[in-house]
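In structure tokens below, several structures.
Next, two complexes with chain A in common: one pairs it with chain B, the other with chain C.
Now for the complex of A and B:
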């Protein structure tokens, strides 16, 4: 039997522990303040004020005006709302061809599959290749937008979605370079960025400034699951996905998740306040883990490589908490099983498909061969990661990996 | 003992896991995700994975899902389609057991540090005085699955457990109900888990290979009917052949997809004195004298003896479709395992080379 709780929790990109301050902030709204913020009485006002305080904190995190922040049920809803919202707004132009949709090859499934669905619904779809570090080539974006613009006059502006940082391998996109292309080639194009992974680590307020829409999720930065936010900057063509009571200024109907939003606000405030100190500390832990593991694995699982990090190039282009390995000859399911047994919580790729592992579309987008991709291992550190957890991982991971790649005696075929 | 239980989401493997837990073993459940397509039940649908996981939760054991759909495609679905293309009978459950449950999973269990793999099959494992382990029939004869497990070697059987093999199905269901397991009354799975009843075999195959309309001829080569797809016609079949009614019943005695020909004959033509085999292996050396032979997953047994080139029946028996697995029993115990060869290819002058039983 495996331990109930791992000794080393290294799956922070899947979900990071809640900040105690965030837990504390939400409790009064689970038991006590039960008002619906849309009401007009005193109980409603308590809830309303708390949601607006949280909105200020999330706006500061994401670099938006509070009125531009739309609370959602999470990162996926924010992504889907962004792409569908802009695409739907373009459909309001009678007679105009559908807006082109342009996405990177290693986007999160929420973006990738929404883009695919929009493609199936008639929007011209462009998928941009990435380089070996996982970064979108500005020239490819330029080419796609130039091609898209030939749809004729009156064509709706393109919606472009590129994540600020990738969820699986951790690559940080140089969004500024891409935004420059937009200004030059397609000034009307609407840029969305998924900052779900970036929000805990990077100065999103600055880095995502060129984007008209920005997605974030509470539970990736110390808030609870089930709450997220989408920045919709003033003037962005946008139609809501959820219709109803007109909450969130009509951009997302439905009674807001007050307790979750309050906790999101508390977590966002902490994330901003100690971000730089934490990024430096966690990157050092990650580097120690990465360097130690690679040294051990070179001997025990020859051919192991650190994904998107190439020798001598450093890790500046990767999120501070991310370490992604590809281990030839290992089945990711077996590595994870053995790590679980040894008290290490990790993942193979993203955590989105519960149950059986599927080949990673992100690794395919990066051009990683199947033989390597099937042995993928993602170890992600976070705000609560300790030296002891890294020590434990260093003590057991190489062994577990080696067992998963050790060939066993197979009975001869007849 | 550390045991990995293959949990399909059905009642048999649920009770198998429960018994191992009660016996004090260190149990982990695993559901194999084999088939990405449509399925009525069996091993593949998300609901079945959920059932398996909830049963494991109830038993207090960890549960994992292992993706084996590539291997399933390669070792089961691909050969199933290819067998139809060649006009021979596929054995998908046999192949799945050999390559997946007691192949890839057994190897994985080794790497993950398990002592044994257990499943909910209705079968038993018995060791002879020679120390050789053999598959034997489950206690519930109606549910017995020894036929689809016959090819497992003694070495593999050493690392396998069938915890419910000694129980009638009714007892298994009662036990599941007494334990409060949600799958206690769940319907049994289908034979071919990757083909839905609504879709059917012909449509499944039609999407994967070109089906050939064929002519039906009698023993003299005269055309007497037509079939829409010669690949889906089976030896012994008597319906769907486009034959005129009224005459003595006629049965398929041979099919040849290469020439798109189906040959029919009378019941007497269908019967043969000797059934040739393409291969045959013995659990522990050849067994002389009459044995019980089972030629389909749930069919009755026939009496016959291996004569070095074919099974010589005690009385003429219907011919076995080429490719079909043929299992020899001594009493309840599997002693041999082979594959039927086409009857017209009988070479009575020459004994075939026996293969070691198993993989």
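Now for the complex of A and C:
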């Protein structure tokens, strides 16, 4: 481990530090108030009330009725549960052919891999292309659903999963446009949206309203790792992933992580309360970082581009904390190492494909050439990011990157 | 501890051990993603891997055989799902935790092996239930309601020889009795952290070296691509510390638990209309199941609660359902009338004293109401 004290933590999209209020909220449930909230003795009642309060807060964050919130072990479990839950419910209909599964090309791996597994199990699988900003084309969705609907009589409704905001490049998806297609072409289709990245920044309650299922994760918005939620709106065809004790109204069995859930609730409440102010503040920091870095990098590594942001477009379609760059001739792993030595924590891709030096499926889906994608750098800001961190990053990142660059010729991105 | 309370429901969930609490709180400050090469990530990775070694040491496994999950329910679901690729049939005993038959039924055709009046399966019955298309046999280490332990030695070896996966649900055993995964020889073993003083939301699945089953949670390479999703770093650190604390005092803890539950058992003959369910010899040390001839256990539970004593009625993890206990039904016992008393790492003689003082009064009060 390097002796350098980290000076700029710019990996908030992987995991953001816990809010002190969330830590504070969970402490009592690590001390005296132990007790299984399903138990009938007195100690359990305190725990149950606290979980109910957290459920209210998360419901407000995600725009659901409290009874529609199912706590999970995180965003991945929520995503897997959503897709396989709807698919399994359709399989429970005797004689019905398997439900079609429709996902975007740049979905989080939890969605992509679950969709692939469902495809291997016989569900017709459609992967929707995205434009250069990372948005799903409504016409492509319409085409896939029309194809799916002609798959056979009595076919189960399709499962459609499109993230509200992308984890790697930060593109915000206009879900309303896609929901309109569903209403028109496949009113029975079940829409799931992964709001894991969006929940800290966007008005999910409004933007995800057309989705029957919504995933979120606590540690992306100041809660602890290992807690998440899936909204399952009333009337959604659904079968659980975890069976047994019948907790979470039979939709997710297993003794709940009471302390973690309570902390999630506290973090969710703050996230909602100060969302607009924080989004404006962090977007300004991000813009300063982005503009400064681009200028410095283009000079030292010609051809460097800001992924999904094109000249003259602005960044309104990107999450406020996200900055994703593709640097021709840079080896991402080496860049990250040099950045760490210089006190900057960043990442090359999403948190799930980090360790391995394999190309990013998201960048491939965006049509970024491999030579450019192998020099990807994701800098993500969050609630605790300061001016000083941005200053430090501006002072060291371009230098570190330049040291890891071997100039190459790259075809321009489409 | 809540003053004046006597918590005798460790088999549902044990209070968090102080060592686990300290480790969990300390790890709340680890900011990074353990999958990262940056310093914050490495700190988180270190916390997770240290916990893996602590857990491995408690259960006699190699660290690489430990897959962290959100708890035994997830571990069990992962086994039922992951084994399904090997065959369409799964075998369970009649006294498994409800998570086991529910998950097995979701992923295959299920055969249920019955038990005797003490809750024991016969190893031959288990072996006879195996078919050519059997993917996995689920058998618990010890029962969560009556404490009866199963003849694992007579079951695991022969099944392994026949090439059938063996999954042991050890949720009630880990941290309470010595568990040696290597010596046991099972393919898979599930456990929960919160049953022995680790945090709720922590647990694991032991996967024998060389065995590969499809993961239930996909979408990331965490846990060597056996369980996707960012590691619950703080909770995992707490689990590791609880495992370490449990391992240190394991033999003493087992002796102490048995002595405390023996005190309850010794008092039963003096209580009118109270019986003991389960195997008096082959049993887990920390829990006993009492049956009542003539009073509702829910009423006993409430009476004891008022006297400051927390116990548990029936099996259900979810008390909202007052369904009959499948374990007791499988044993042929009147399934509506039982009470579980379970002890753990912080239970004292005073707690058992409180139970033994309150129980006769509660029973007498209830019986008086009916006259």
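Just so we're on the same page, the second predicted complex is superposed on the first by the 399 of 414 C-alpha atoms of A that agree within 3 Å, B and C clash if a C-alpha of one lies under 4 Å from a C-alpha of the other, contacts with A are read in each partner's own complex, and residues count from 1 in each chain.
Note that a contact is a pair of C-beta atoms (placed from the backbone, for glycine too) under 8 Å apart; a residue touches a chain by one contact, two chains touch by 3 or more.
None of these values were measured; they are calculated from a predicted model.
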| item | value |
| --- | --- |
| More chain A residues in contact [chain B versus chain C] | C |
| Partner chain(s) touched by A:403 [first = chain B, second = chain C, both, neither] | first |
| Chain B versus chain C as contact partner of A:316, first or second or both or neither | neither |
| Chain B versus chain C as contact partner of A:337, first or second or both or neither | both |
| Touched partner set for A:241, first chain B, second chain C, both or neither | second |
| Chain A positions touched by chain B in one structure and by chain C in the second | 1-2, 333, 337, 355-356 |
| Chain A to chain B touching residues, read off their complex | 1-2, 331, 333-334, 337-338, 341, 355-358, 403-404, 406, 408, 410-414 |
| Interfacial residue positions of chain B with respect to chain A in the complex | 26, 28, 33, 46, 49, 61-62, 64-67, 107-108, 110-113, 153, 155-156, 281, 355-356, 358-359 |
| Chain C partner contacts - residues on chain A that touch it in the complex | 1-2, 4, 6, 9, 11, 14-18, 23, 27, 30-36, 38-43, 72-77, 79-80, 88, 108-114, 117, 217, 219, 224-227, 239, 241-247, 253-260, 333, 336-337, 339-340, 345-347, 351-356 |
| Chain C residues within the chain A interface of the complex | 1-2, 5, 7, 9, 12-16, 21, 24-25, 28-29, 31-33, 35-43, 69-74, 76-77, 97-100, 102-103, 106, 192, 194, 199-202, 214, 216-222, 228-236, 298, 301-302, 305, 310-313, 316-321 |
